[in-house]
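Below is one structure, written out as C-alpha cells, with a few remarks after it.
Going in written order, the chains are labelled A, B and C, and every chain counts its residues from 1.
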Amino acid sequence: MFDGISTQLLFGQVLIGLINGSFYAMLSLGLAIIFGLMSVVNFAHGAQYMLGAFIAWGLLNYLGVPYWGALFIAPVVVGAFGLVMERLILRPIQNLDHLYSLLATFAAVLIIEGLVRQEFGSTGLPYNSPLPGGVNLGFMFMPWYRLWVVVFSIVVCFGTYILIEHTKLGAYLRAANERPEIVESFGINVPRMISLTYAFGVGLAGLGGVLAAPIYQVSPSMGSNLMIVIFAVVVIGGMGSILGAILTGYLIGIVEGLTKVFYPEAANLVIFVIMIFALILRPNGLFSGKEGYK
Amino acid sequence: MTRTLWLGLLLVALIAAPLAIYPVLLMSILCFVIFASSFNLLLGYAGLLCFGHAMFFGTAAYVAGYLLKTYGVSVEVALIAGTLLSAAMGYVVGIISVRRSGIQFAMITLAISQFVYFLLLQAEFTGGEDGMQRIPRSTLFGIFDVSDHMAFYYVTLTVAVLAVAFFYRVVHSPFGEILRAIRDNEPRVESLGFRPERYKILAMTLSAGLAGLAGALKAMVFQFATLTDVSWPISAEVILMTLLGGLGTLTGPMLGAGIVILMNDELAQFGEWALIAQGVILLLVIIFFRRGVVGELSALWRRLRPSPDQNQDRG
Amino acid sequence: MPSDPQPILKVENLEAWYGESKALHGMNFDVREGELVTLIGRNGAGKTSTLRSIMGIVGNRTGSIQFRGKELIRKRTYQIAQEGIAYCPEERAIFASLSVAENMTLPPVLRPGGLSDKDLFEAFPNLHARRKSGGSKLSGGEQQMLAIARILRTGSRFILLDEPSEGLAPVIVKQIGTQILRLKEQGFTIVLVEQNLQFARLVADRHVVVENGQVVDTLTPEDLSADLDRVKTYLGV
C-alpha cells in the first residue's frame, strides 16, 4: 500500500493517534464548556486530569476499589474538588481581567502538582488494564482496553454535545453563555450554574484521567505536558466551540499518529505547526463562525 | 534630588555586594532582573501576557553558548548575538500571535514555546537532554580576561544596568505611552489612527531581545545551558517575579526577581516545596495583592502622606 | 387598584454605579398595585439604569428598594426575580443560539399564575409558526413580542419593560401597546421606560420624569396633555 510501511505499523499508529485524540477531545471539550460560560481558561485542567488518574490509582491500591468503580467515583471527587476551587480562587476574581483567572488556575497547577509529586515522587505508577487481551483484526491487533477508551470517549463527547445542543439544561447553558445577567433576571441561580458547570468540566478532566491510568503511567507531570497540547487544540478548533473542540481533538490525534509513521521526528511538533498555520490562515479557528457554543 | 542619592547608594551597594554575597547568586539575580523587566515591558505596559517567555531566554542561552564554545567569540559578541536572535524570534512570534485577544495570546505563546522546546530538544547542537555544558567565559572585547566570578560579576552588573536603563527609556518614551494607551483602551488608540498591532509586535521584539540578553548572560554566568532554560516552569517563574514585585511598576519585577531567586535558593533543599511555595504566593498575589509588593507599598505610602496628594490621586 | 394606598414598590435614595461612573444620583419614586407608571426623560437620564438597578444588574448600588415590604438592595438578581419581578430589557435579549421555542420556554415557572407554553403560543400565534427558527431570525417586532411573552411564564405580576416601542414600525408599536394594555387589564403592575410620548400617553396612569439620575417631576396623563411643551423640554425634543 505505502512503500516500505507495513499496514500493521500504519494502523497501529492511527489507533494510538485515535487514543491520544480521545483524550485531546475530552479535555478540550471540558475546557471549551468552562470557557464558554465563564471566560476562564482553566489551566488546571491537566492537573485535574492527573488527579483523576491518581484517585483511580489510590482507590485501587488503598481501598481495593476496581477500575469500574473508580470510573464513577474519581470524576465525582475531582468535580467536587473543582467546586471548591471555583469558590475559593475563581469567584473572588470573577470580575477581573480574564488573564487573572488563567494565572490563578495556573498557580493551582503548581500547588497540585507539587503536592502530588511530594507525596508520590516523580516516577510513574503502574495501573493494570481492567480489560486485558484483545482481538486480532487481521491487519492489526486491537487491545480491548484501547477499543473501550475510543468508544467510551466518543459516547461521552457526543453525549455532552447533545446535552448542550438539544436539552433544556443545555439551553440554559447556551443562554447564559450569551447573556448571563438576562438568564439570571429570569430567576435562575446563575452563580450556582457557573459553579456546577465548572465542576462538570473538571469532572470530565477527572474522567479522562481514569481512562488514561491503564494506558499511560500515572505520574504527576502527565497533565501539564498534555495541557499545552490541549491549548493548541483549542486554539485550532476555536475557543469555546464545543463541536470544534471534539472534532479537532480526534483529528489532531490521528494526524499526530500518521506523522509518527511518515516522519517520526516531527511527531511532537506537528500539532504546533498546525496551530501556527491555522493562526495564519484561519485567524478565528477552524470551526468558529460566531461567538458562543456551537 | 533624593532619588539620585538613592540610586547612587544602590549602585555603591551593588558594586560592593560580591564582597559579602556569593557572586554567582548575585549574577543570577541580575540576569533575572533583566528577564523580569523584559516580561514587565510586555505584560505591565502593553497588557500582553506571554506565557512562553522562556523560549527567548533559553534559545539565546543556547546560541550564546554555541558561539562561545564553537567559535570562541568574545563576551559582547555572544551577548549581542543572543539578543538579536531572540528579538527576531519575538518579531516572528508577534506577527503570528498578536492579533489574538489577551487570553488566546497567552495560550498561543505557551504553545509556540513548547514547539521551540521540542525543536531544541531534537537539534544536534544543544546536546538534547544533557544540555550544553562547560560554556567558556571568553574575553571581553577580545582583550580583558573576565573568567573569574568577581570579574564577571562586574560585566554582569554593567550589562544589567544598561538593560534597565534601556527598559526605563522605552517605557518613558512616546512609544511607551502608546503601549500603555493600547493596554488601557485599544479601540480608542486605533480610532486615533494608530495601528496597535504594529506597536505590540515592536513591544514583543524589544521584550524578546531583552529576554535574550538575559538568557545569553545566564549561559555565561552558570556556564551551561539546558532545556530547563526553555521550559514552561521558567516562563512561570518570570510571571511570578513580575506579579509578586508589582505589575507595571518600574522596580517591582526587579525586586520580585530578587525575592524569587533567593526563595528558590533557600527552599532548594526541601524538594517540591519550592514549587508549591511559588504557587501559593502567586495565588495570594492574584487574589489579595494584585499590585504586588512595590505597588502595595507605594499605595500605602500615598495613603500615609498628607491629603493633597490623595485628592490628586482620586481626580 | 390605584386606590390602594400602600405602594408595592418603593424606591428611596437609589444610587447606582457602573464601575467608576455614577448613573443614578438618588432616585425616589413608588409604584402602586395595578398601576402602569412610565419613566420618561432624555437619553442617558438614568431610566434604563433605574430598571437595571431594581433588578440588581449594575456594578454597585445603594439606597433602598422595597418590594412588597421586602428590601431588595442586598439581594442578587435571581433572588429579586424570584420575589416576583420580571424584566424585559431594551435590547430584548433574544438568545441567538436558542430557537424561538427554547427562548420562549427558558424562564422557569416561579409561582402559580404563569402562562403555560400552550397559552403563550395561543396568545402569540405568529411565534408558534416560527418556533423552530433561530432566535436571531425574528423581526424586531417579533423579538419584542417574544421578549414580553417569555417573562409571562414566570408568574411574576410586576413587570419592568424597557422601551418596547424602540425601533419598531408604528403598526407594530400599536400591537405592542394593545398587548401592554391587556396586561394592565389583567392586573399586572408595570413600570415602562418610554421615549415615545404618544405611546406613553395612551397607556400610563402616571409619568415619572427622570433627569440626571434623579426624579424631577411626576405627571398625571392630564398634566401631560395640558402641558406638552414643558414635557417636551424634559425630553429634549
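The rule is simple: contacts are C-beta pairs under 8 Å (C-beta built on N, C-alpha and C of every residue); 3 or more make two chains touch, one makes a residue touch a chain.
In UniProt terms the chains read A = Amino acid/amide ABC transporter membrane protein 1, HAAT family; B = Amino acid/amide ABC transporter membrane protein 2, HAAT family; C = Amino acid/amide ABC transporter ATP-binding protein 2, HAAT family.
Just so we're clear, the structure is a prediction, and the values are computed from it rather than from any experiment.
A summary of chain positions shows that the Cα centroid lying nearest the centre of all protein Cα atoms is that of chain A. With centres defined by CA atoms alone, the chain at the far end from chain C is B. Each chain gets one centre point, the mean of its Cα atoms, and the points for chain A and chain C are 43 Å apart.
Here the CA centre of chain B is 54 Å from the CA centre of chain C. Between chain A and chain B, the centres computed from C-alpha atoms are 32 Å apart. On chain B, the positions that touch chain A within their shared complex are 49, 96-97, 99-100, 102-104, 106-108, 110-112, 114-115, 118-119, 121-122, 232, 236, 239, 243, 271-273, 275-276, 278-280, 282-283, 286-287, 290. Residues 168, 171-172, 174-175, 177-179, 181-191, 290, 292-294 of chain A are the ones that touch chain C when the two sit in their complex. Per the touch definition, chain C reaches chain A in the complex via residues 55, 57, 76-78, 80-82, 86-87, 89, 93, 95-98, 102-103, 105-108, 110, 151, 154. Taken together, the chain A residues at the contact with chain B in this complex read 39, 41, 89, 92-93, 96-100, 102-104, 106-111, 113-115, 117-118, 224, 228-229, 231-232, 234-235, 239, 265, 268-269, 272-273, 275-276, 279-280, 283.
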